[in-house]
Amino acid sequence: MREDYRHWQRIPTRWADNDVYGHVNNVVHYAFMDTLINTWLIGHAGLDVHRGAAIGLCVESRCEYRSPIAFPAAVDGGLRIGRLGRSSVRYEIGFYPEGRDDVVAQGHFVHVFVDRGTRTPVPIPDPLRSAMEGLVVG
Amino acid sequence: MREDYRHWQRIPTRWADNDVYGHVNNVVHYAFMDTLINTWLIGHAGLDVHRGAAIGLCVESRCEYRSPIAFPAAVDGGLRIGRLGRSSVRYEIGFYPEGRDDVVAQGHFVHVFVDRGTRTPVPIPDPLRSAMEGLVVG
Amino acid sequence: MREDYRHWQRIPTRWADNDVYGHVNNVVHYAFMDTLINTWLIGHAGLDVHRGAAIGLCVESRCEYRSPIAFPAAVDGGLRIGRLGRSSVRYEIGFYPEGRDDVVAQGHFVHVFVDRGTRTPVPIPDPLRSAMEGLVVG
Amino acid sequence: MREDYRHWQRIPTRWADNDVYGHVNNVVHYAFMDTLINTWLIGHAGLDVHRGAAIGLCVESRCEYRSPIAFPAAVDGGLRIGRLGRSSVRYEIGFYPEGRDDVVAQGHFVHVFVDRGTRTPVPIPDPLRSAMEGLVVG
């Protein structure tokens, strides 16, 4: 349900998102996840993708597709955090048609934060963690 | 100048639009053009991409890049028509940063309308042509 | 292990597959899966994406990322089938660097076959099923 | 004609390259150009995209589309250099179906080499320039 998510972003589709079967290709939902998560990290949690010492790398993602969407519609992407660990965070995402309550797809995405140079895990930096705590659910 | 365009759409960037050099990759500007044009055709000119008898195929496109843009910024895409022929239409596009007047990229894109089945040129259908006339400049 | 897969395809990367962190973006692995599966379906199992009565829609996908890959390297994609049902099939995929045995990513992808028009589930057509049986493991 | 090009790379299509009209979307041809050029720059001219002092930024691109291509076919991309300046280089590209001589699309792409940090134009570094000279045509 929409109420289960803590942050929302409306994401428009693009012409080429539709594949030969006339609907948004399954791959695109992951581009939406990446965009939703990183837009939030940059805008609400202070992530600096160009110079920050810690960067988030995806170690796992998953999506279940319930019903199709198609260009030129937009989707509302809902974001919450299901598990917030020392170095890793599991985001949970639901996509809904604009103004409707039936989920079209839902999934999760796990970031491990690593040192930009060595690419070894580091604790999630405090400003990021504080912001993330606001998205954690039950 | 922004005044030279007749229709506008704000287009958000996505995480993966940025390439390894930290800015939106040149290829993505064409995805923006395709999206701007087809969103307008569907929403304002009645194009039916799934069942319409005539479809628009791209026969030429071009873009000049003036300055970089980067995720998570959005761009404003301006659209006008520079030449409206019997079967073909030349769209001209300018991309501007949100709220600014310095163009970041500009280009054109030529559609030839063809029969969906035979893929041979057909006159641009009247409802589309009427709408297109509203975007024609000088 | 490579031996666990029944069909292989070498998949080159593209410039824009790399994201701002210098490696192939997580989203791209799903484009590789889609490509690997559909290339096999078309070339080895007789799928007709343009006119066939039954089409495969993705209802679930998942990927675990073990180590990065980067343009311009190619990856070897291995394919097998872990479950072959009446209407659905679960493909399992492993990606390996060219000439190496350490998996860089692995995942699964579930197709449900539906009637092209009504989009309701149908039995997997016989020629497809026969070909699929050759990829089934354990 | 194929003879007009100096370097070749076979580029496979991907499932999602096809758009709703059943052929490779016009945007994808630019992804092919970018891939062809950068694969050559990295493999044959010593470009270091991660640490090199000079990087190539696209300032203009253009493509003319003659006939459609569709997944799962591959295309042969031919590369030559039409103008080699102090800081800039104009690549010319032709795409041909595997084993055929009728061009499906052709275009050009202009790189300006800039300092990675300041992003101001610099002379094309000598090792790159030497390699580029081998692709220059009349």
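Think of it as A, B, C and D in the order they're written, each chain with its own count starting at 1.
Here is the rule we go by: contacts are C-beta pairs under 8 Å (C-beta built on N, C-alpha and C of every residue); 3 or more make two chains touch, one makes a residue touch a chain.
The structure presented is a predicted model; accordingly, all values stated were derived computationally and were not measured.
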Set of chains adjacent to chain A and to chain B: C, D
Farthest-lying chain, centroid of Cα atoms versus that of chain D: A
Distance from the mean Cα position of chain D to that of chain A, given in whole angstrom: 33
Gap in Å, rounded to a whole number, between the CA centres of chain D and chain B: 23
Euclidean distance of C-alpha centroids - chain C vs chain D, Å: 28
Set of chain B residues in contact with two or more other chains: 15-16, 20, 22, 25, 27, 31, 34, 49-50
Sites on chain D touched by chain C in the complex: 11-12, 14-16, 22, 31-32, 34-35, 37-39, 42-43, 49-50, 71-72
Interfacial residue positions of chain B with respect to chain C in the complex: 15-16, 18-20, 22, 25, 27-28
Interface residues, chain C side, partner chain A - complex: 20-21, 25-27, 30-31, 34, 49-50, 55, 57-65, 68, 119
